[in-house]
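For reference, the structures are reproduced in the following blocks.
Next, two complexes with chain A in common: one pairs it with chain B, the other with chain C.
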Partner chain A sequence: MSISSKASGTTSRSRRLAWTGFLCTTPALLLTTTLFVVPMGLMVWMSLHDWPLLGEHTFIGLDNYVRAFTSDGTFLMSVRFTLIYTFVITPVLFFLGLGLALFVRRRSRGSAFFRTVFFSPYVIGFAAASFLWLWFVDPQAGPVAAVAHAMGWPIDQVSWLTETVPGLINVIVMVTWKVVGFQMILLLGGLNGVPDEVIEAAHVDGAKWFRRMFSIVLPLMRPTIVLLLVFSVSGSLLAFEQFFLITKGRPDNETVTAVYWIYNASFKKFELGYGAALSVIMLIILLIVAAVQVRMMKGVGRDD
Partner chain B sequence: MTTELAPRTEALITGASPRRFDQRTRNRAQGLLWWVGGIVLAAMFIFPLLSAITGSLKSPAELRERPATLWPKAVSFEAWERLFDPAEGVMTGVGNSLFVTGLTVALTVVLATLAGYGLARYRFRGSGVVFTVILAGMMIPFTVLLTPISVVLRELGLFNSLIGIALVYTTYQLPFCVFIMRNSFAAIPMEIEEAALLDGCTRANVLIRVFLPLVLPGIATSAIFAFLNAWNEFLAALVLLTDQNRFTLPIVLQSNQIGRMGTVDWGLLDAGVVVSMVPCLIIFFLLQRYYVAGIFAGAAK
Partner chain C sequence: MRMNILRGAGVLSVAVLAGGLAACSGGGSSDTLTIWTRTDGEAYMRDLAQKYESANDGLTVEVTAIPNSDVSTKFAQALSAGDVPDVMAMDVAMAPYFVSKNAFEDLTDRMADLDYADTLLEGQLDAGTSDGSHFVMPFTADASALFYNKDLFAEAGLDPDQGPRTWDEFVEAANAVGDLGDDYEGYHFSAGCGGCSAFVLAPMLWAAGGDFLDSSGDSLNPPPMLDDPLTVEFLETLKSAVDGGGITSASQVDGGENYGGAFESGKLGMVASGSFQLSNFMADPLPFDLGVVPLPGNEDGQIAAFSGGDVLAIPNGAPDSEAAWDFLAWASSDDAQTALSDGGYTPIRTDLLESVYGEKGPEYAAMAEATTNGRVPITVAFTAIYSDANGPFVSLMQAGVFGDDVPAAAAAAQKTAEQIVSSNE
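Coming up: the complex of A and B.
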């Protein structure tokens, strides 16, 4: 009698504790459901409809997807441009980040200071950085123009924000300035994880710096490198502010990114169903990138 | 010449072998080169940031001067006076940004702490599912979900609302912060809780008196990330706010960018950029340790 009542007391107590645990997560779960899970499902549903801002939604099956791949040339162009941007900027960021990481790795009183300085542009927003860049490289009023003039190369006639390639280069320089410090910090963490003995052994065996770097250090840093590539690839695939604010898609939609075009469809033309379909396509591309990451991470495990 | 002579005298005085000395001069030369390189690089990183400040201190006349001047010839606070002028709308943007950011930070910290506590210290059926659902947002950024989010917010009457946008920011801040907070709570040894319970503490008291001080670094990291992401966010604010009085700072800057007469109002834009950069830089400089800890925690996931 007393034993059974004690036992039921424990279960009710542990059940109550389980409820406490669940209740603690409820607010977060509620918000996640409303603004993440529901929108995910709604997005797929919307993509199968003609869904104007006001008025009736009509089911049109896969027409939005057909339109994206056949009649909307700008969308395919924007995906192509986004991929070009991603493929160009990823190695640039990686090698410059690696260079900076090797630079600030030196044991010196200055290292911490330089690390902080190189990282600091990362914390300002993409929008603020883009406005800053508009000013910085403005061919008439900007500081770059002032320096160029002082050196005898007047640039007030250039139009490097309104042409495709110069515009892209400008954005790449700005983004590199802004985010290379982030790559530096993560690569520094990776470099510090490589045991000194391994490098010394290679040194003793007569391996030169370049050889030590590419045959020993970088392969050992594979998890860090895979992670960085995923950050920079998924970040670049979602690029928006830097092109919306700096090149503004000029000259003629050549510098429009995928997210920029989704913004145009959903929030300029208010074709919400079509915007949702484009978003689904973009989401699938991002999930493929994530899947490749998982594969590459698993590859790391197999090697060990 | 002098470098030829120096080693010998040095060797005579100290009796060190010339070879060791060569090594030392080489190290010293390398060190000097490193410092010079570092200072040049640092200047390149700082120059754009600094140029917004100097640009905001130029008079409108000087900004129109061609060729452009590098440093202000005379310091003028004209742009800053206009920034604080209510008619320009920039201060409304700053106020809206402060409200949205403050609400996001508060909600994120409270919800992430509670959820992290629940997930780390209690076992309940479905806790794995809850964790996965919350963390899934880490893989899927809200950038691609804005179209349906705008529809959901309209249904809830939270479209074009500062509270609505703070809720969106909080939702997409939660995956990272719940992850951080769950790890912080999981790192606390069970014995501490048991000892406190034996001493007659209630569970709520344990959470507030014993746990919170221990997870404070995690809370700091969550708060910093929530602050920076909410303060800097652009695209969601651009599409989810339509009323000019509710624009956050980056959106105000975007809409004011082209001033009257179709030319860019550089002084006001630069001052606005300074206002939007400085809080982030100050927080980073003061709380760098927690920020970098967060980056590595996020990387380790």
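Coming up: the complex of A and C.
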């Protein structure tokens, strides 16, 4: 083998290896194509049609998209509501998760126990958690009502299920209880990844706790934080079960999220074409958000 | 190494093919009758299936129960795939949608040959009728009527032997019972569940000559009249019961989970429910005197009922259409309907309603009267308009009955309903 062909990597051996490598990826490629690319293509195709569940479908071009932005006030309201929900819950989850991570970080005997306690709600599904929560806040049968009665506090639990802001807070509390453990675990890992010497050096230099945390530790945890935000934000933008089961969109569809409205269009009104168009719009929103986050991640590499 | 992988892959694919072919050779037996029903009707369907099997040697009846909320979607998917059961038992309110999509076989001629053809419940039959042809066979009736607690009525100063006969008497009774105490409710309904509210409230509007959808024509897709003056008057009437304490927030948040309210515990004055509830109450005697009256309109003498329940149909493309019709004929015959009546379910034959069912007692007689006068709201958009928890009817309940501005709520709901109706044209 001459040096030049080795350098350019075009020897028959390396080509064979490359081909074998490609063959090994074909199962994964096949899976991705059939389970992701094909359905997505089909969805985009459906979004250009009036496609009822039963009956003929007719090509209507971009009419579904026009409808989503002009005559369907509920869709725009649902996107707005979803964004508000995401903006509120993301920092709540982050700072609470950070607090819990700092709390369980100390090597005390209880810390392993607390880690488990905070993390366990994460493993039950959102539907199960929502049903559990409905019982929890029930004005007649739930523990919150029982405690409030016993203490003599008059609380209006009906508004937690039927009014916009109390309903939103109610769901945020439930989701926080459920997923904050996950944030805690990730942030714990990130915290442990910060070298002790750096913190000590900052301490020696006279930096107070607050300064140490926000100017030294968090910036060094950037990759973890960005990863966490990707999970958190995309999960919140796709919120469905908790609103479907707890607030049921009340009052007057004001607590309907984007995915909830897609479900409604597809499975209550049986308008699959319109539901597909709404899904495409959500997909684009998610792609933009993901792109921004990947950009933030890339920035980290250059800083190093 | 690569040869080994290829050889392994070859063996694996042959094995999979062989396994698949073996599974395929099972095939369907022509001595099996497949029936799909909703879980609400599972109990009596299985009972009847057993009876039918013993009356027909060699025939197996396979009953599949589908959760209520999934029936429309699952059945629609089956129709698209061409993989349908022989017999489909569905909620009568869903029938117009599927009839409009040509999902069912025409039963008109076969039905005319039955000697009890004119005793079949009109309300249910009409729901599956298009251009004079019948596409569904009534199966079980579940009409709505008003149940009330006679003891609570007496306590509240009302005449216990007289249920409310007008809207005003209804509100008066509700507020009077609600006044008995903090944990007393005058009337309870599931305002978060569209189908449930329609079941109990629509008849009161019908009795007064009004409607939520204008069914005066024969259209399967009638236009909405949610902002009609009579409709608004009815909603204001209900709102006055909310303002007077007769209807509480317990009704507002109830999404259908709490259908009977606190009736059995004796803290609820009135609740409107169906025949199935009557048999429950009769089976487990209540700790108080039960009264049953048909749902009233706004003037004395006006009554109506929502004729719910299930109807049977033969989907187009059913594996064995003849066997399916035999089952339909048997299920509506004296044998099967009397068996249902004995089990506490309401028959769909007016002759049996009067005799076998009505003679079980005065409460049953009242229910029989309600059933015979029963109607079904006929619309292809029943799910989108009525049942949808985010649809216009539920909005009307939440924002109208429990809100501050009934006319505004009615106008908003009317607009949404109009959009739904026009998208179904």
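The rule we apply is simple: the second predicted complex is superposed on the first by the 264 of 304 C-alpha atoms of A that agree within 3 Å, B and C clash if a C-alpha of one lies under 4 Å from a C-alpha of the other, contacts with A are read in each partner's own complex, and residues count from 1 in each chain.
Quick note on the criterion: a contact is a pair of C-beta atoms (placed from the backbone, for glycine too) under 8 Å apart; a residue touches a chain by one contact, two chains touch by 3 or more.
On a predicted model such as this, the values are computed, not experimentally measured, just so you know.
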| item | value |
| --- | --- |
| Partner chain in contact with A:F270 - chain B first, chain C second, else both or neither | second |
| First, second, both or neither for A:G97, with chain B first and chain C second | neither |
| If touched residues of chain A are counted for chain B and for chain C, the larger one | B |
| Partner chain(s) touched by A:L161 [first = chain B, second = chain C, both, neither] | second |
| Contacts of A:K248 with chain B and chain C, given as first, second, both or neither | second |
| Partner chain(s) touched by A:T20 [first = chain B, second = chain C, both, neither] | both |
| Chain B and chain C contact sites that coincide on chain A, given as residue numbers | 20, 140, 267 |
| Partner chain A, residues of chain B touching it in the complex | 31, 34-35, 37-38, 41-42, 45-49, 51-52, 54-55, 63-64, 66-70, 110-112, 114-115, 117-119, 121-127, 130, 133-134, 136-137, 139-152, 156, 167-168, 170-172, 174, 178, 203, 228, 231-235, 238-239, 250, 253-254, 257, 264, 266, 269-270, 272-273, 276-277, 280-281, 283-285, 288, 291-292, 295-296, 299 |
| Contact footprint of chain B on chain A as seen in their complex | 17-25, 27-29, 31-40, 42-43, 46, 100, 103, 106, 108, 110, 113-114, 116-121, 123-128, 131-136, 138, 140-143, 145-147, 149-150, 154, 156, 177, 181-182, 185-186, 189, 224, 227, 234, 238, 240-241, 245, 259, 262-263, 266-267, 272, 275-276, 279, 282-283, 286-287, 290 |
| Complex contact set, residues of chain C against chain A | 2, 72-73, 76-77, 79-80, 98, 101, 103, 192, 249-250, 252-253, 255, 383-384, 387-391, 395, 398-399, 412, 419-420, 423 |
| Residue numbers on chain A that touch chain C, as the complex places them | 20, 53-55, 71, 139-140, 158, 161-162, 248-253, 256, 260, 264, 267-271 |
